[in-house]
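Notes follow the structure.
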Amino acid sequence: MLQLLSDLVHWLTSSAQWSGPGGITARLLEHIQYSLLATLAGAVLALPLGLFIGHTRRFAFLAINLAGFGRALPTVGLVTLVFLAGGLSMWPVYVALIALAVPVIVTNTYAGMTAVDPDVTDAARGVGMTGFQVLWQIELPLALPLVMTGLRLAMIQVVSTATIAAYVSFGGLGRYIFDGLAQRDLVQVLGGALLVAALAVLLDLAMAGVQRSLFRHRPADAS
Amino acid sequence: MPNVPRPHRRTVLAGLFAAATVPALAACSSGVTSLKEGDAGGAGAADSGAGLVVGTANFTENQILGHLYAEALRGTGVKATVKPSLGSREIVVPALEGGDIDLLPEYQGNLLLHFDKKAEETQAGELQNALAATLPESLEVLPYAAAEDKDVFVVTRATARKYGLKSYADLREADGELVFGGPAEDKTRVVGLVGFRERYDVTFKEFKALDASGPLVKGALKKGDVDIANLFSTDADIIKNDWVVLTDPEHMVPAQHVVPVVRSAVADAPVRKALARLGALLTTDELSTLNKRVDVDRKDPDDVAADWAAKAGLTKN
Amino acid sequence: MTAIDWAWFPDHIGDMTTLTLDHLSIAVPAVLSGLVIALPLAVVAHRVRKLRGLILGASNVLFTVPSLAFFVLLLPVTGLTRGTAITGLTIYTLVVLIRNTVEGLDSVPAHAREASLAMGSRPLRTLLTVELPLALPVIMAGVRVATVMTISLVSVASYIGYGGLGQLFTDGFQRSYTTPVIAGVLLTLLLALLADAVLVAVQYLCTPWARHRTKEA
């Protein structure tokens, strides 16, 4: 056990480990790239949907249940399906990651929109604002804390799950887990797992920090 | 003061907690949650009435072999169950050592290299002896089958023509130019990049960790994402796609006859007899045909194995 | 290659049933074990201010570790058994279960607890008979999320041969056969839906006071 830990420390700290195409830096950057792209794409799809449902209150059942559906969808199954349909590319990975991000963002955006005090929106409409102006100038700013929480939760899950890129031969930190298993190198598996966790935690803290500073004057909203 | 609810459902809740704890603890121990007939996890599986537990690795040929073993065993009156597709060799061999499974279909050369990375034996006979000497105390290999399934490194006909490739030695003509596709372990093993470097003085432009003769590497070879791929010699797709199997003059790839690895504790006479009968009847061609039935005709491994075993007379009891 | 082979379904009803039951035999113990571990931890986190951050933080970090890594790292410890899959999945339920239980306990009105203590109940009895029942809706919401999530994650354990319906994914992947993969995805979704519905029913049965409240509203 102790030997494993000391090997691990050695693996994480040796400079050779961090350089080169298979090095930690390269894998980290690949992993961040997959995660950012997927979360962004998910946001592009999910935010308008969540805002629309939250604003019009139509299809509310979709927003409420989408998170459940997304949670139930097995990632491995989705990756396999897209791979079988489209061959070897990053598509299986991105489809699966976006499918993971979208429900979380939709549900939280919807929750944020519905948390807006109806009196405020009523007043806004009362002074003659159009629906779109109400959405953009009143609802969205007020919903922003929960929207950001949604983005944050989505990001964390995506970072954790982006290891599947290695399952279909691509890079990222998942490479250490799969290669470590294949080469019977438990230190590599452990190292990869720790790096993913560390990345997710750091990103979470960073985004929480951003949230806190954005909503400093609204202590009730900052989570 | 608002009504403080005092639910007499506390007994329900207490019951729920108790109900939650008991099955949770029980389920974590081996065997209680088994729902498949005869499925028993944990050490000593053979004693729990499920009979011998045959494990298989995560590729279809191994699953066919596992089911064939089970059919043969049942034919001599030994109870057997199959746990299919448990994972790669790195997962299933330790499981055998640990007693979670009792029997595993393996391949001589790669099995030996798994236990002794520096092993040099390449002929079937010497491999068998080396295995007997190298395997841990608790395991033993039974006589090997006629059937063999080797790791082969194949290229498309176009690539073969372009560089004039017939053998692995010819790859020197394309040294550093080809993209190599294979399972992740190829990077560090003799039957892989290390062997190519040491035996043939060949290096590759890039190594792509895909899978062992699976859809990833075959798809990559078809698409041109890799130029040379690590496949299995009995894979039906080689002929189907007109891929060229390069020859191995320096014997980098050792013989790979199918060989049963079994826990000595459960390898009694009926088990040995059953597997010896199977080994004698199973040829490479027969195995290739079975592979084709599963991979191309989409029949299930257990059905295909049962069919073949019945026709071969293994299941008469 | 991507067309569905409809003949596969009637031929494999037995397999689908076995795999579904297999799937449940991994998911259910995982969630139950998670509850057994999470409840006491959540009570501690709720009561002891200093440990709250630590417990919630630790479970959050565990959640970010990729599930496959957990299974692989547990192999030398628990062997290639069902227990390995269950243990790994139990760890994942903790984040949701602890967090929801803490939130649920937080939401219990202070005066309810105080009244119970004032009437002579010891703290443990108050916890079991007043606080936890009142926190039940939020806790059950957590159990539902954890259950659905676990049912989805079981398929990752197919990498070590205990993926339940996930075995259909490996089978389809190995043979480039789309039909079992589709079957696996659909059955997993169905199973999650069913489990969620069952839990909603359980919650309804266990919180009769909430039913009266909705009647008044």
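We call the chains A, B and C, going by the order they appear; numbering starts again at 1 in every chain.
Operating definition for what follows: contacts are C-beta pairs under 8 Å (C-beta built on N, C-alpha and C of every residue); 3 or more make two chains touch, one makes a residue touch a chain.
Because the structure is predicted, anything quoted here is derived from the model rather than measured.
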item: Chain pair showing more contacts of the two, A-B and B-C; value: B-C
item: Taking each chain's C-alpha mean as its centre, the one farthest from subunit A; value: B
item: Centre-of-Cα separation between subunit C and subunit A, whole angstrom; value: 21
item: Centre-to-centre distance between subunit B and subunit A (centres being mean Cα positions), rounded to whole Å; value: 36
item: Between subunit B and subunit C, centroid-to-centroid distance (C-alpha), Å; value: 33
item: Residues of subunit A whose C-beta touches two or more other chains; value: 83-84, 181
item: Residues of subunit B touching at least two other chains; value: 91, 215
item: Residues of subunit C whose C-beta touches two or more other chains; value: 76, 158, 173, 176-177
item: List of subunit C residues in touch with subunit B within their complex; value: 5, 12, 18, 21-22, 25-26, 28-29, 32-33, 35-36, 39, 75-76, 79-83, 86-87, 111-112, 115-116, 128-130, 132-134, 158-161, 167, 170-171, 173-177, 206, 208-209
item: Residue ranges of subunit B touching subunit A (in the complex, touch as defined); value: 88, 90-91, 183-185, 187-188, 208-211, 215-216, 219-220, 223, 225
item: Residue ranges of subunit C touching subunit A (in the complex, touch as defined); value: 1-2, 60-61, 63-66, 68-70, 72-73, 76, 144-145, 148-149, 151-153, 155-156, 158, 163, 165-166, 169, 172-173, 176-178, 181-182, 184-185, 188-189, 192-193, 196
item: Subunit B - residues contacting subunit C, complex; value: 1-2, 4-7, 9-10, 12-14, 16-17, 20-21, 23-25, 27-30, 33-36, 41-43, 55, 58-60, 83-87, 91-92, 94-95, 98-101, 214-215, 294-295, 298, 300
item: Subunit C contact footprint on subunit A (complex, rising order); value: 68-69, 71-78, 80-81, 83-85, 156, 159-161, 163, 174, 177, 180-181, 186, 189-190, 192-194, 196-197, 200-201, 204
